[in-house]
Amino acid sequence: MKLLKAPLFWLIVGVTAIFALLPLLSNNITLRETLVLSAIYIILAANLNLMIGYTGYVNFGSIVFFGLGGYLTLWLVGSHHWGLYSAVLVAGVSVSALAFLLGIGILRLRGAYFALATIGVNEAVKDFVSNFDVWGGSEGIFLPFTAYKAMGGAGKALWTVYLLIVLVMGSSLLLSLAVRRSKFGLGLFAIREDEDAAVVLGVKAPLYKTLAYSLSAFLPAIAGGLYFFKNGSVVPEEAFNLNLSIEAIVMVMLGGQGTVTGPTIGAFLYERLRGMLLTIPGLSNFHMVIAGVLLLLIILFAPGGLMGWLYRIWPRLRRVLE
Amino acid sequence: MKPAILEVRNVTKAFGGLIAVKDVSLTQYQGEILGLIGPNGAGKTTLFNVINGVYKPTSGEVIFEGQKISGLPPYEVVRRGLARTHQIVKPLNEMTVLENVTVGACFGPQNLPLEAAQEVAAEVIEFTGLGKYADVLAGKLNIALKKRLEVARALAAKPRLLLLDEVLAGLNPSEVAKMLDVIRAIRDQGISILMIEHIMQAIMSLSDRIVVLNFGEKLAEGSPDEVANDPQVIEAYLGDPEMAKRILEEEEA
Amino acid sequence: GLTVSKTGKYNVESVNQLNGIKLWQKWINDQGGIPVGDKKYKVELKFYDDESKAERVQQLYSRLISQDKVDFLISPYSSGLTAKAAVISEQYGKIMIATGAASDSIFKLGYENVYQIYTPASRYLTATLDMLKAADPNLKKIAIVYEDSKFAKAVATAAKDYAKKIGFDVALFEGYPPSTTDFGPIINKVKASGAEALVGGGHYADGATFARQLYEQQATLKMIALLVAPASDEFAQLGDAAFGVAAPSQWEPLVKYNPNCGVTPEEFVKMYEEAYGKTPAYRAAGGFAAGLVLQRAIMDAGSIDADKVRAALDKMDLTIFFGKIKFSTDPASHGLQLGHDMVQIQWQKKDGELMKEIVWPLDAKTSDLIYPIR
Amino acid sequence: MIEIVSSILDGLLIGLVYGLASIGLTLIFGVMDVVNLAHGAVISLGMFSLYFFFGAGLHPYLALIPVAIIGFLLGVLIYQIAVRRILDGPPLMTLLATFAVSMIIVGIGTALWSTSPYNVNFKVQTLNIFGYTVTSARLIAALAAVLVTFMLYYFLYRTTLGKAVRAVSNNREAAELMGIPSQQILAISFGIGTALAMLSGALIATLFPFTILSGSIYELKSFVASVLGGLGNPTGALFGGVILGLIEGSVAPFIAISWTNVIEFVIFVLILLFFPTGLLGGRK
Amino acid sequence: MSRVLELTDVETGYGEVQVLWGVTLSVEENKMTTLVGANGAGKTTTMRAIMGVVKPWKGTVRFLGEDVTQLTPHEKAQLGLVLVPEGRQLFADLSVAENLEMGAYSPRARNNLDANIKRVYELFPRLFERKKQKAGTLSGGEQQMLAVGRGLMADPVVLMIDELSLGLAPVLAQSLFGTLKRLKDEGLTILLVEQNVHLALALSDYAYVLAEGRVKIEGPSHQVARDDEVREAYLGV
């Protein structure tokens, strides 16, 4: 495989290993809970990047995959007593399939219309689930504690889930890299730059972008399943939190869309920034303002995202950190 | 006579009330360079768009190598061996020239894997004289280079028929002459060419036959000489080709 | 340790609750701390802002446990956030006193370390319906309109069953989305249903808006009882629209309980007014009560060892200034509050001034129920 | 029957208010292709401005004038600080910048006013027309929406400055070459868009209680309304708002209220599938 | 005879890529001056530098004796320096009439709006027929007429036109050249970039040949037209 020769491949493997081993070896739970949120954000950003950065379609409502994955998983585990592994896999596959069908419809829209329609999809699903009694309606689904016992107790279960989330994170990044270096990725880039031209050049745009949409749903759905399993419950506002969706766009753009490294760094920094501001005492009332100001400063002075800025000051980086 | 590669049969294309192409039929033979001229807004580009599937004809059909292609989406049309360039260039701005051309090679009729496509792209780039720009982002090229990029991308697909829409616009006479050599070389590879052009010396010297459109309808068809001397064509399109010379003489007098 | 929603949608409620907890901390530390054997433990509080966001709660509770090494936990505000925190507390076997969380369902998931202070949702409106029955035995049609959130829906569903049981006809049973500001369509439906009394609501913002629009749109109802919102003092800002609106409340400053431990209601109110310059609402009382219950359990256990404290909590049967406290020990609903009961308040006018009066239970009332109100 | 009619009429009135809320958004998008994520925050600010002017003793409708002026100045400020520099940058950066502005506004608002609800308490008349009850505040808000849309239309299509706004939105460089000070025009447009958002917030505040976060609901409605009408098309936005309101009003009597949003968003997505640039057509 | 527009040692480019390497040229009143050069020689860039669309890195642009190097494009346009840009750049969603009105946005042009609009409609009766139509739906030739018409509305002191005949049918190109000659005869100062080098040299008074961002040859047009090097490199003979 040519992929194995890419420096970035090994970097991804390394970062994933660090995520897994650091809290494990030091048995540091705070670190784990901090990293789990980073990992989730990285998963969301990396997969969203397949749409925004690679295909050029801004998905405002990407969180819908995450939420549906969470719901399906908790429903299967909670009400049907499935094991976690099979539940998240089924959730991933079904959400991905659903995205494919949905994509056939809404990917005919372009630009801001697509972006805003995805908000509509997310809100429609959220409101539907709020009314859907099989999934507990607005009360959501709460996992009985026995679900953790089946995995050797809460303590062990949460470690397992953490490692799985890190694995999904690693897979998301490798997927980003693999797509980027493939013929499929080249087709997506062409669509991003000019869809009409791409079609005339022979790219099957309707199929390609629907595949990208569907692909970008798979791992977030699994991550949603794991994350909400860890939380022990899922309710509509948390599962389909539009704001988190928009924050995911912020992470992608902050790091630099279209690259593999950018969204990862963007997600990590964004989570750390918000998390740190929350725990610094004196700032309590103003942490949001400070986060906003910092974000604005970054945007104004590094408008190409962090990667754009890094590439500019150190062009050779482009070859290593794609 | 050689067999036909492309047949346009009674094609009409309307946008709302406006009929841009009206009942046009034409035939292109294998290995031929066929010129398409006509006043601005005559429907030339629209006809191209119908041929390669960007638009569905309102009525009529397009036959390529004996098979009906009208109604197929553009990506299917390319895969059958019919590539085109755009009058209003459409470079993939944030991708390099090499990547642009690779897209053409990758998704064309040969459906090459990525690496093979890159090799083909590199060859085509040399052939079209874009060699030193291979790693430049396409958005950074000037208009003339972008036009050349259009040609390179279409060529990389290894089509059997190539549609060229005003690829000479914006070139000065010497550059036009160089580009004519490139086009002839393409034809010598056995690729048939259908081209739209407003630069008369060029199209007259290059084409085997010429079709003239006016207000969406076919006004004339024939060899360059026949067309150039057709009074209808002169009135609607050519005007007085000797004007420049006349003005020059006036000034000097 | 605990997290507090200093920002986000729960900030008012949550900060009130924190004030109560802080007051307890000061009170006990002024006495030298919690007496355990011959030692006295000073109470130290550690809290973070959770932005009312679920994704932060687990991160911050883990931090409290493993980094700040707190011994006991108090829940965040709201059932939703408490459920997230419970997963973490359970994982480490840390005891968490849940205040500001009235859901029943959290306590039916098999958790062993979570203890509820509030009257659970299933019993929230039952007393209100009893009161209505007593005031007007002939009234039949009522409307139950609730905020479509975990808490309010649970309350409303339990109320519907109870209403049917005691002979009411539920003419309209409907939820509205939590972010609703325009109640026009709902009020149209209430009018169309022919209901004569309305119970329901959800949290503060929606309840206040609902009450105001019921008034503006001239819905003629004999009684209106809403969750949460009328129990807050801010509700008086609605002016005429507040008049006559009733609410179940976890606690009121005027209640007359005779505690067998800790402070009396009067003492608590006085302390609170001195500390914060305003009368405490029930959330603050709940905060204080959470501290008190924890303190009492530690004293009973004679240790801060989690197992011993847990045993003390399981055995607990107290009356404090907040009312009765007794936890379920049934494994299927461990930690659920069984002892505590709701009181009913109504906004009435004294000398043209809007006042909150206790109207139910009859032995605790400060004024008679006004009925019908419109 | 009367319930159904009044429900639909209520829907119409609230729909006009949604329309008003979305006009500012659609204007800014139409002129400079910026999806303004600070829109909701600005609407909230409009609500609070009205609250404070009212608290200072000004009649709420009179207070609309200073609110609009503040909105205009705020818009110009936001444009100059956060938008101007990156307008020519990568296409989505303005999304981030306005998101950051939104965080700053909401953050400051939360610190100052917490997230608890505020209320503008002024006596409104209730009108009773053929058994249909409507508050005068609703009627006035709806009429104001129509009036403002008309004025904006007149401005854009009949005045030279308005045409310059459209010219800049079509082709900034060409406008500059024709002597049109494009930066000034963009700042003015952002100012007008923001003023409209503040105005709509102020009008909503006369109807409903609000918190610093309330604007986000109207931001969402604004997205939907302006897409339905066709992005960048002010009349379309009003039209889109009315459609939203009518959907809400006409389904409410027949199904549980909590389903209205589902229906609304499903209809929204469906309409888009058939009219990919909105019902009245807008910018692509 | 006065020099209305003068460039001295102008250098500029895009990003880090330098395109112009010290261009010095001048345009005289009531004359038509032509800029000739290969693709990418920097003709368009020169015009953009004159207008300030790209800022000159070095050198000065003087207009009517004043140093205008640092002015923004709209300020220059208001002084009477008007460019009809490459690729037309119309306001596609505005009507023909509105496009013309926007051409006359600057205060000095607004005073003569009525007279100018009449003149433009006389020059291009076709535009009068279509004045309500959206500019974006015009055919290529009509768009070019509108672009020139819009430039004239600005009441230019110097009219700069980039690629007048690009993509135009021969008959239309001839008629536009005719129009240009008439405008010149009426006293307008014109700076022209045109790939139809034969015609451009025939019509103009003075010519500059640009190569790789530098002026290579200059002189009266008929002399330049006879220059052997020019004939080979640009006229294809």
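For reference, chains read A, B, C, D and E in written order, and residue numbers begin at 1 within each chain.
Simple rule for what comes next: a residue touches a chain if its C-beta (ideal position, glycine included) is under 8 Å from a C-beta of that chain, and two chains touch if they have at least 3 such contacts.
Since the structure is predicted, the reported quantities are computational estimates derived from the model, not experimental observations.
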Between chain D and chain E, the fewest steps along chains that touch one another | 1
Tell me which of A-C and A-D has more C-beta pairs in contact.
-> A-D
Sort the other chains by how far their Cα centres are from that of chain A and give me the top one.
-> E
Determine the centre-to-centre distance between chain C and chain E, using the mean Cα coordinates as centres, and give it in whole Å.
-> 77
In whole angstrom, the CA-centroid distance of chain A from chain B equals 44
Chain B and chain D, separation of their C-alpha mean positions in angstrom = 48
Where chain D touches two or more other chains at once, the residues are 110, 256, 258, 261
Could you say which residues in chain C touch two or more other chains, in rising order?
-> 7, 148, 175, 177
Per-residue overlap in chain B, given as positions that touch at least 2 other chains = none
Chain pairs satisfying touch are A-B, A-C, A-D, B-E, C-D, D-E
Of chain D, residues touching chain E in the complex | 160, 163-164, 166-167, 170-171, 173-182
Within their complex, chain A touches chain B through residues 182-183, 186-187, 189-190, 192-194, 196-206, 258
Residues of chain A that touch chain D when the two form their complex | 52, 58, 105-106, 108-113, 115-117, 119-121, 123-124, 127-128, 130-131, 138, 242, 246, 249-250, 253-254, 257, 285-293, 295-296, 299-300, 303-305, 308
Chain A to chain C touching residues, read off their complex | 28-30, 32-34, 36-37, 40, 127, 130-131, 137-140, 142-146, 148, 154-155, 158, 230-233, 235, 237-238, 244, 275, 278-279, 284-285, 287-288
Quick one: which bits of chain C touch chain D in the complex? Just the residue numbers, please.
-> 7-9, 11-12, 15, 148, 174-177, 179-182, 184-186, 188-189, 191-192, 204-205, 208-209, 212, 216-218, 234, 237-239
